[in-house]
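What follows is chain A paired twice: with chain B in the first complex and chain C in the second.
Up next is the complex of A and B:
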């Protein structure tokens, strides 16, 4: 697990109310009702403040951010730009 | 004013104007009148002139409004149920109402012998023939709608609103943020499901004024791209929603006056409006008024209003407004004595939109509905259980609840209702649900569960939440479950809520 993934898991734990660990990197956040529209907004706010990655809610589809791993990948690809 | 007469006038004077549209399906004022007349006549001949309510099931279809009005024209109260309600809760409400017919504008989750399908409704409504006689309609003292809300014992309770209350409400709501004439032809955006009485504010005010209602489906509300597109294409003038929903929209930088150039007002109800949300809206929508309102379902949607100014948003909390004409507010001490200005106590609402109590629950009705004598006259009143105070200028300030009822994103939830449903799950011995607060509003629910032989694992928590979702609407399912070997109790044996509050994440 890299540091981006670690940070994402910690951000998500705060938003979802559940403690997410390394073995949950591929957990589907929407199917398990861990993330809803309001949670999604909180997530984007956190990504901006912690990684300086600015994403508007209409730019990201649910399939791009369905799991902690996908969110980490998206953040890394944006940081590389 | 007489709602039925106004709708007939619209059918004649603005018959071709769209009354309600989802984009995919559209109904004009003439169609609304004709379809509801025909459907009402069919319902009346089939089920007779009884008083049992009719249940209307669906989501945001324009046919929902046809069904509501058809019930009223056939002399029946209607009870709206949204498709988001779990099957079990729906079954409880069907048992409770003993409805002779279930009008479905969407497919039901299970077959039901008394259901009318969307196709049946359409063909009855479009069949040739006459409308029902005017005398058959719901009369001023008859119940117009019944809305089910969370009950503390784990069973939902039906709030009954007579036609007279709805009309008294509309005489006032049509003047919010501009005159009734200003609203003719204007577009009203609807966010709340029809099973939530906030929708009465947009839907009936719109119909009363001759506007066009644009309901947003759940799938639009959950997809920002679709939502912003919806705002751009609908060109709404009145935005009626919970403050949570507006806060969600504000997360998109495109949500501003340029996107909605015709927008004139935000009307909020259902939960506390945070000053930060109001300020952001006033800044991004310089041509809009932000109106805060307050009121429980029991007294017909809302009974106070005030425009929010930028200077008000500097304060810690926003006022909820002054009462409408026909309503007086009092603040009571626990023994029922009215308190002077500035003192905190229970908010009591007296006047012409106080509803008719709970459906077939005289015991519960008696506890909170009363008729105190004022100036020699008995006035219908409702004890809200909300805490607040009145300032000397008559402005009401809401503080919070005196019991275990909370508001989460506009939804009213009895914590006991969630607790009772947690107890239905296998192995659960005790359950306590507490609100997690953030900036003065409820942010999430946390459930503390005493259960034998369970490790505090994510899998167990996800599994229990999934089971809970089969009995309860999603918004009532706690965000986090904390498993405890024993729920702490105070020395006199009561649940130690304070100790549990200390354990909140």
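Up next is the complex of A and C:
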């Protein structure tokens, strides 16, 4: 697990109200009722403040950010730009 | 002639879909033909109302000017908030004039499809400000706005998704699959709209909204079932027709009467409308609120965002008391659901139990039907 994934899991744990572990990197956050509309907005705000990665609410579909791993990959690809 | 109704429409639709079929099966791009077919269909449907046709022409010109001035301005000057606010406001003026004319009985500006076209233009301006859209071609823009299957009542597609399909060339196998899915949607839509919806309407005509709580609730149920078959039927026909034209327009309904809670309901009912409001109003208002610390907590921010979101959605349906009440009703229910699910230990403890799921479904279904009772306006006449 890399640093970005660790930070994403920590941010998501705060938002979802339960601790997410390394083996949950591929957990579908929407299917499992861990992330809803409010949670997603909180996530976008945190990504901007902690990684300086600005994502608008309609920019990516939910399937593109459904798991902690997908979110971490997206953040890393944006940081590399 | 009106969209998805009557023999003349379906005859012309079939004639216009045949060349698309030919292009699709030969692996050619269908998008540009889709624009031509849309122009023919819209000109035919609006031929009897030249004033509406003139307003549509003026609207197209106005919005094209706005969009194609704003995109290069945003590219050159960056995200300037007042440029954005002005462009968005100017794009909304036709809809605001139409809504104003509804309450004042002045026929200022109105034509079929205006309410739905507004979402498409506003989405482009908002995403241009976000930096997500940096270019757009005029034919793709017009094809997106005028696409005849979704022109008058949605589903509300997104421009970036639409443009991909507009330019796409399907292989013969891909198109055959799309064609099969499209025909299936079209047929189910026809059964919903012309068999099940009239049956539900007959049932509705037997109900009386006044005379007691149970009678009113029964009216709400009948109205809800009628609305579902009528609108889901229309939407499925539109989606089926769009598929045949090579555009994978998103669906509008997904088993709404099986919703677990009110939040789930709005992910299943008139999906493209509720997701549009979620992405372009709710989320943005809430993000602004969290960053600007407007609220005591994020949860209270979400409650205000739900209220605002649904009130605007109600007002979009029409500036009448029952539509506004309908919006307020759903806003309050969504806010209450949010607080209940985030704060109540009872919910957290039992939410995965079968009995809780069934109870929650039953309560949700009845709350939804009360909403339809309000929406029907029958209580206010």
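Assume the second predicted complex is superposed on the first by the 81 of 81 C-alpha atoms of A that agree within 3 Å, B and C clash if a C-alpha of one lies under 4 Å from a C-alpha of the other, contacts with A are read in each partner's own complex, and residues count from 1 in each chain.
Just so it is clear, contacts are C-beta pairs under 8 Å (C-beta built on N, C-alpha and C of every residue); 3 or more make two chains touch, one makes a residue touch a chain.
Because the structure is a prediction, the values reported are computed rather than measured.
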item	value
Partner chain in contact with A:58 - chain B first, chain C second, else both or neither	both
Touching partner for A:32 - first (chain B), second (chain C), both, neither	first
Touched partner set for A:79, first chain B, second chain C, both or neither	neither
Dominant toucher of chain A (residue count), chain B or chain C	B
Which superposed partner A:44 touches (first chain B, second chain C, both, neither)	both
Partner chain(s) touched by A:20 [first = chain B, second = chain C, both, neither]	first
Doubly contacted chain A residues - partners chain C and chain B	33, 36-38, 41, 44-45, 56-58
Contacting residues of chain B [partner chain A, same complex]	221-222, 224-225, 227-228, 244, 247-248, 251-254, 409, 436, 444, 446, 458, 461-462, 465-466, 469, 474, 477, 479-480, 505
Residue ranges of chain C touching chain A (in the complex, touch as defined)	123, 126-127, 130-132, 158, 263, 278-280, 282-284, 286-287, 290-291, 298-299, 302, 338, 351
Contacting residues of chain A [partner chain C, same complex]	33, 36-38, 40-42, 44-45, 56-59
Touch list for chain A against partner chain B, complex	16-21, 24, 32-33, 36-38, 41, 44-45, 56-58, 61
